[in-house]
Amino acid sequence: MSGWFMEARSRLSLLALVLLANVLVAPGFLELRLVDGRLFGGIIDILNRGAPVMLLAVGMAPVIATRGIDLSVGAVMAIAGAVAAATVNAGHAWPVAVIAALGTGLACGLWNGILVTIFRMQPIVATLILMVAGRGIAQMITEGRVLTFTDDGLAGVSSASLLGLPLPVLIALAAAIVTGLLVRATALGLFVEAVGTSPRAARLAGVPAPGILIGVYVWSGLMAALAGLIAAADIRGADANNAGLWLELDAILAVVIGGTSLYGGRFSIGLSVLGALILQGMRTCILRSGLPPELNLLLMALVIALVLVVQSPACQPAIARLTARLTRKGTA
Amino acid sequence: MADTAATLLSARGLTRTYPGVRALDGVDLTLRAGEIHALLGENGAGKSTLINLLTGAQPVEAGSIHLDGREVRPRSPADAAANGIVAVYQEITLLPNLSVAENIYLGREPTRFGLVDRARMRREAAVLLSRFGLSIDPAQPLSAFSTAVQQLIAIARAVDMSARVLILDEPTASLDSAEVAVLFRLMRELAASGMAVLFVTHFLDQVYEVTHRITVLRGGKLVGERKTAELPRMDLVAMMLGKLPSGDSHLQRHAAREPGAAFVTVKGLGKRHLVAPFSAEVRQGEVLGVAGLLGSGRTETALLLFGAERADAGEIIVDGAAVTLRGPRDAIRLGFGFCPEDRKLDGIVPDLSIRENIVLALQARLGWVRRLPLARQRELADTYIKLLNIRTPDAEKPIQLLSGGNQQKALLARWLATKPRLLILDEPTRGIDVGAHAEIILLLEKLRDEGMALYVISSEVEEVAAYADRVMVMRERRQAGMLTGGDVTPSAIIDAIVTPVDMPPPGRAA
Amino acid sequence: MNARTLPFLATLGVFILLYAACAIQYPSMLSSRVIGNLLTDNAFLGVLAVGMTFVILSGGIDLSVGAVMGFTTVALAVMIEGAGLHPLASFTIVLVGGAAFGCGVGVAIHWLKAPPFIVTLTAMFLARGAALLLSTDSIPVRHEFYQTLSGLSLSLPGSGRLGLIAMVMLLAFVLGGVLLHFTRAGLRVYALGGNARFAGLMGIDTARTTILVYGVSSTMAALAGIIFSLYTRSGYALTGVGVELDAIAAVVIGGTLLSGGVGGMAGSLIGVLIQGLILTWITFDGSLSSWWTKIAIGMLLFIFIGLQRLILQFSAPTGRTG
Amino acid sequence: GDKGGAGKAADAGKAAGALTIGFSQIGSESGWRAAETKLAKLEAEKRGINLKVSDAQQQQANQIKAIRSFIAQGVDAILLAPVISSGWDEVLGEAKAANIPVVLLDRQIDTADPSLYLSAVTSDTVEEGRVAGRWLVSTLAGRDCRVVEIQGTIGASLVANRKKGFEEGISTAANVQIVRTQSGEFTRAKGKEVMEGFIKAEAPGTICAVYAHNDDMMIGAIQAMKEAGLKPGSDILAVSIDAVPDIFKAMADGDANATVELTPDMASRAYDLLAAYKKDGTQPPKWVQTPSTLYLPDTAAAEYERRKDLY
């Protein structure tokens, strides 16, 4: 497992780097204030804003580990949000809405899983179908508007806080922990990695490959639904046109930054979450830099390029030394 | 001849370290023009590593390589090939998605007006393959063929490319006697033409049949170089193992014991395009050997028996009850285990550790909820690593980093861990060194005596004759006989295998 | 051979089938005008698919093509309208630039040992960002040479016309097909996609091949940019957002495996036409709201791929293969 | 959803002598856009026009395809809401050749040959910004003010204009300046995130007003301010553009101060001038400008009621 720690260290050092950048942009970024029982501060913002991508990454990592990919998560977010909003606006209680949204997520995941497993479609096209149609379904529900709702219970999914932490953060972390346990405390992780690395060998060893495959897509759908709920609650409305738009790329990027190969095999929930946080860190930094928005994409590109260099096996040792110094600065 | 010949290639003090292992430690090797040179050693002794260094597949850590007295530093296999040094690696490193012809000529395709001349490529490939007694369509994708054929294709490519030195890492592992004979004839021709051939194998008979000199490695160190003619078998084995072998008495035939109850009975099991219906019976505490030439369909019988291929005819009866196998899981539930022939594709899960590979089948049978505690997994892994003495620093090493033979052992361990009632083994001793070979056969006999039913496919007739109670003979993808009792002798088996049949073989797909 | 050509034949069959279905609903779909438009309107997508086929066959993926295309349109507009360069000169510049950019991507992928997905995603941000820096609003190109070029066209029997850009697209497919299927370089691409490590052991220069592949892809993206700029006679930084997914889909629908090593150029052309057909059908129907449009696209994709899978299932060769 | 084979309806419509009009819509990226489409359909029904709406999913290529297929089907007129301003000469040339009149909706195009389209029904997007800016200046009555601006999607045609207009609007007052600007991509979520950033990045209490290029982003920003414990509308003045129902609700609640209307009812004007043109060839003006009315909290409640089901 020492390999895992090495990986974790390089990700953590990246995160430290990003946080440092934030501190440079907005001094006092790291300080935490407790205002009426709720924590405020840059770190919290990153966790809070990063929650949806964290959730998507948690669902995406096992999918990618099976040599698959799920392009539909953004659309599923939109559907889930729309369903939730429509449900409360139809006068149902918010728990009903939440359940309805999660149910939709499951259904979407099941559809993907069936296309991949039974129809043997290539994951990228199988999920592309839902990526395109899904957003349409969401828009059909909202009729292209932003479906605003006033139900504070549902809005609470984003605005409420527990133990000083915003609910989205807790949801994301909980999801990560549950998923982590699900794959590591059971044999699921082993099976997923076996199926992803060598499907034929896994089958001959008696691994229930079809079940595993469907399972990971269903889980991904569920996570996407959660993310969709948070996104909708955040703006107290379901924006079918924009909710989760292109977020699938962020999720995949997070997982890959987390060290999972798109060719399947070894994966780590924890590292994928780190990947998501690194991404959000960059975003926040760029948004607050005060630089003209025309530069956003260029900055993003430069930062990721930096990440790639940092991670490339070529300059690992040098990095290790550098980080040691940086982390000291960062905390000082 | 060989002793007077000039030194062609000489390697001095070659060294290579991997995390946790010094795979190669200051090894010298001298190849002379016109000589066939055996490179021997236990599994994990460092043979393949040495070859990787010679062809530039792995960087040289310390030491030097001289060709014709001039130092060469191969940076890549292409580089080495340019110097006339070509190798056939232990795992078949061909590309399944390309056609046979493309595989043979990749990197040196014949062209016309700058375009690849496919017609010519096929023609020449066909000619080349016919020299190996292969009459297959070179336009077919490589994946359509068995390990054996792919092995032959790899050799054909190398033979066609090599100018000075040809290196063969366990080429005969998956070949049968006919192919081996062809290969040896070619090796002799090449040697006679002034090339040097480096030949890795675990079959001592072949060593004595074809080689002039022997270099022995043990634990990554050079034990010594001898002339084959001047080195008795016993001494050779002692050099390799570092001790005298635990008497290879296993090749004496055992007294026939009274067989146990019938465990699995197969009635007219078959599948179109794959193998004609066959019938057999495996009793508890007995070994059913399966003999046949390449492509005779032995593997296919195993695939059907294990449910990996769905039969379209016949039935399987377990403990007297007819069963249908919808897939390997059904078979495993019945207590079957299957050690496949194609280690790389159907066997190991490369990224996963040795431990995970060993517990995989057992865990799959337990289901995903009841995960084996890590401690238990470690314990299992260590037990089998010891039992089969798999050469590795620890059980957490990715299995793909193990030497070929040790991977094979790990796979055997995977199934032993499930305590199967019927164990199907396709070429279980392929690529296993002499010492381990004896150990594994003793192990099989032990398992049998404990009442396990064994279905063993093997190309090594003496061996089959030694431990099998009965032998099913396959020919042209159909059952060609069942030898029992006193008939189970090498000669009888060989007769049964080779007697030509008049009926045409059933059509093959693809 | 048929084991390999089967996916293509399946795709082709499905395409013909559904074209027939559309033609029955709207007979005018058979008019040479519609067919001409199908090719002209999808010319840029086709060119992108040519490059993408190389990338995917090599086991990679290129998310940057849409952005490179967008950048090219802006660069052309700026060079021609702003700097007053002659279009042909500008074309050469962007093509060379595209090639260089792609080679850079290839180098990064090979030397940083980084996944193509991230590297090309970065390249995507880079190209888009650069384009927005050049100009955030769309610039019309009024050079008369553009008029003449977009004027050029082959009139088909009937009222249809085959625009220059459609011909360029078809030419790209032909040349791409030759390069891929009949040259050593092409075979190396397949080898790389089959198994990069083995390809190395068999003496293939994997670095060179990787660079070639992404070089071709970006060059094609630049060419697509030229085509789009001729198509709309303007340059705009946000041109072709998300078009990379359409290109990937076209290639994969065409029977190429995303895992690399298996597939071919002809399939990709059908893949492009299939996507074009879907949109044509939808515009013909003309009654679909925004959301129904999306749903219809998804469903039609599903039908296409589903049918394709079924054909493959039933005609899959039994016995020992794969 | 209104799915059905209106393909044949086209011919049916002709038989009845009614107009068949093709409408190439950009997509459905916002509530405003959806409303525009909805109104186009409603008004068409009222007038017995057979309207074929083709949705371009934000792709200019799709709009060109759509126009081509409208021409192929021989519609009587084409409405075009261009996704970007340039690149229409060729396809509009084809329409002209087939003498099918084209009317532009809500966005102008950039062409050398104005005869390519019959008329353009749009608002003056620079004026919208100006109105917002002037309002701010007058409300401040000389007070110093540090304004933060939430732009639309970088590259979208009207972003530059609404920015320019606003800057002109405040140019008269030296005491008003834009201190930060970032893109909220026209969405609520991004608008909220951007505003959060502004609040964190600026010293507490130093932001005096926020200008958003559309109401959706403003609604997001309002939530951001509330969650940061600020009082939008009083602590920070809020002015935006579009006049969608939700912003009126916000104004009624005192969370927003002003919005400038961009009417979604563009189609009806186009229908009228097309009808006249078809009847006796009356040439409509090249530019039919829709008013950019400023709305303030006093009328908010009423306006909300008036609009809420149009959207």
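First chain written, first letter: the chains are A, B, C and D, and each begins at residue 1.
As a convention for this text, a residue touches a chain if its C-beta (ideal position, glycine included) is under 8 Å from a C-beta of that chain, and two chains touch if they have at least 3 such contacts.
The UniProt protein names, listed by chain, are A = Sugar ABC transporter permease; B = Sugar ABC transporter ATP-binding protein; C = Sugar ABC transporter permease YjfF.
Quantities reported herein were computed from a predicted structural model and do not represent experimental measurements.
Among the remaining chains, the Cα-based centre furthest from that of subunit C is the centre of B. By number of C-beta pairs in contact, A-C leads when A-C and B-C are compared. Distance between subunit A and subunit C, defined via averaged C-alpha coordinates, is recorded as 30 Å.
Inter-chain centre distance (subunit A to subunit B, centres taken as mean C-alpha positions): 45 Å. Look at where the CA atoms of subunit C average out and do the same for subunit D: the two points lie 33 Å apart. Among all residues of subunit D, those that touch two or more other chains are 1, 28, 34, 37, 154.
Across the assembly, subunit A contributes 139-140, 143-144, 294, 296 as residues in contact with two or more other chains. The set of subunit C residues touching two or more other chains comprises 132, 136, 289-294.
All chain pairs in contact, by the document's touch criterion: A-B, A-C, A-D, B-C, C-D.
Residues 61, 63, 108, 111-115, 117-119, 121-123, 125-126, 128-130, 132-133, 136, 242, 245, 248-249, 252-253, 257-259, 289-299, 301-302, 305-306, 309, 313 of subunit C are the ones touching subunit A in the complex.
Put simply, subunit D touches subunit A in their complex at residues 1, 28-31, 33-35, 37-38, 151, 154, 180-183, 185-190, 192-194, 196-197, 200-201, 216, 219-220, 223, 227, 229, 246, 311.
Only residues 1-7, 9-10, 22, 25, 27-28, 34, 37, 52-55, 57-58, 60-62, 64-66, 68-70, 72-73, 84-90, 110-112, 153-157, 159-160 of subunit D touch subunit C when the two sit together in their complex. Only residues 1, 3-4, 178, 182-184, 186-188, 190-191, 193-195, 197-205, 261-262, 317-322 of subunit C touch subunit B when the two sit together in their complex. Considering their complex, residues 67, 71, 115, 119-126, 128-140, 143-144, 246, 249, 252-253, 256-257, 261-263, 294-301, 304-305, 308-309, 311-314 of subunit A touch subunit C.
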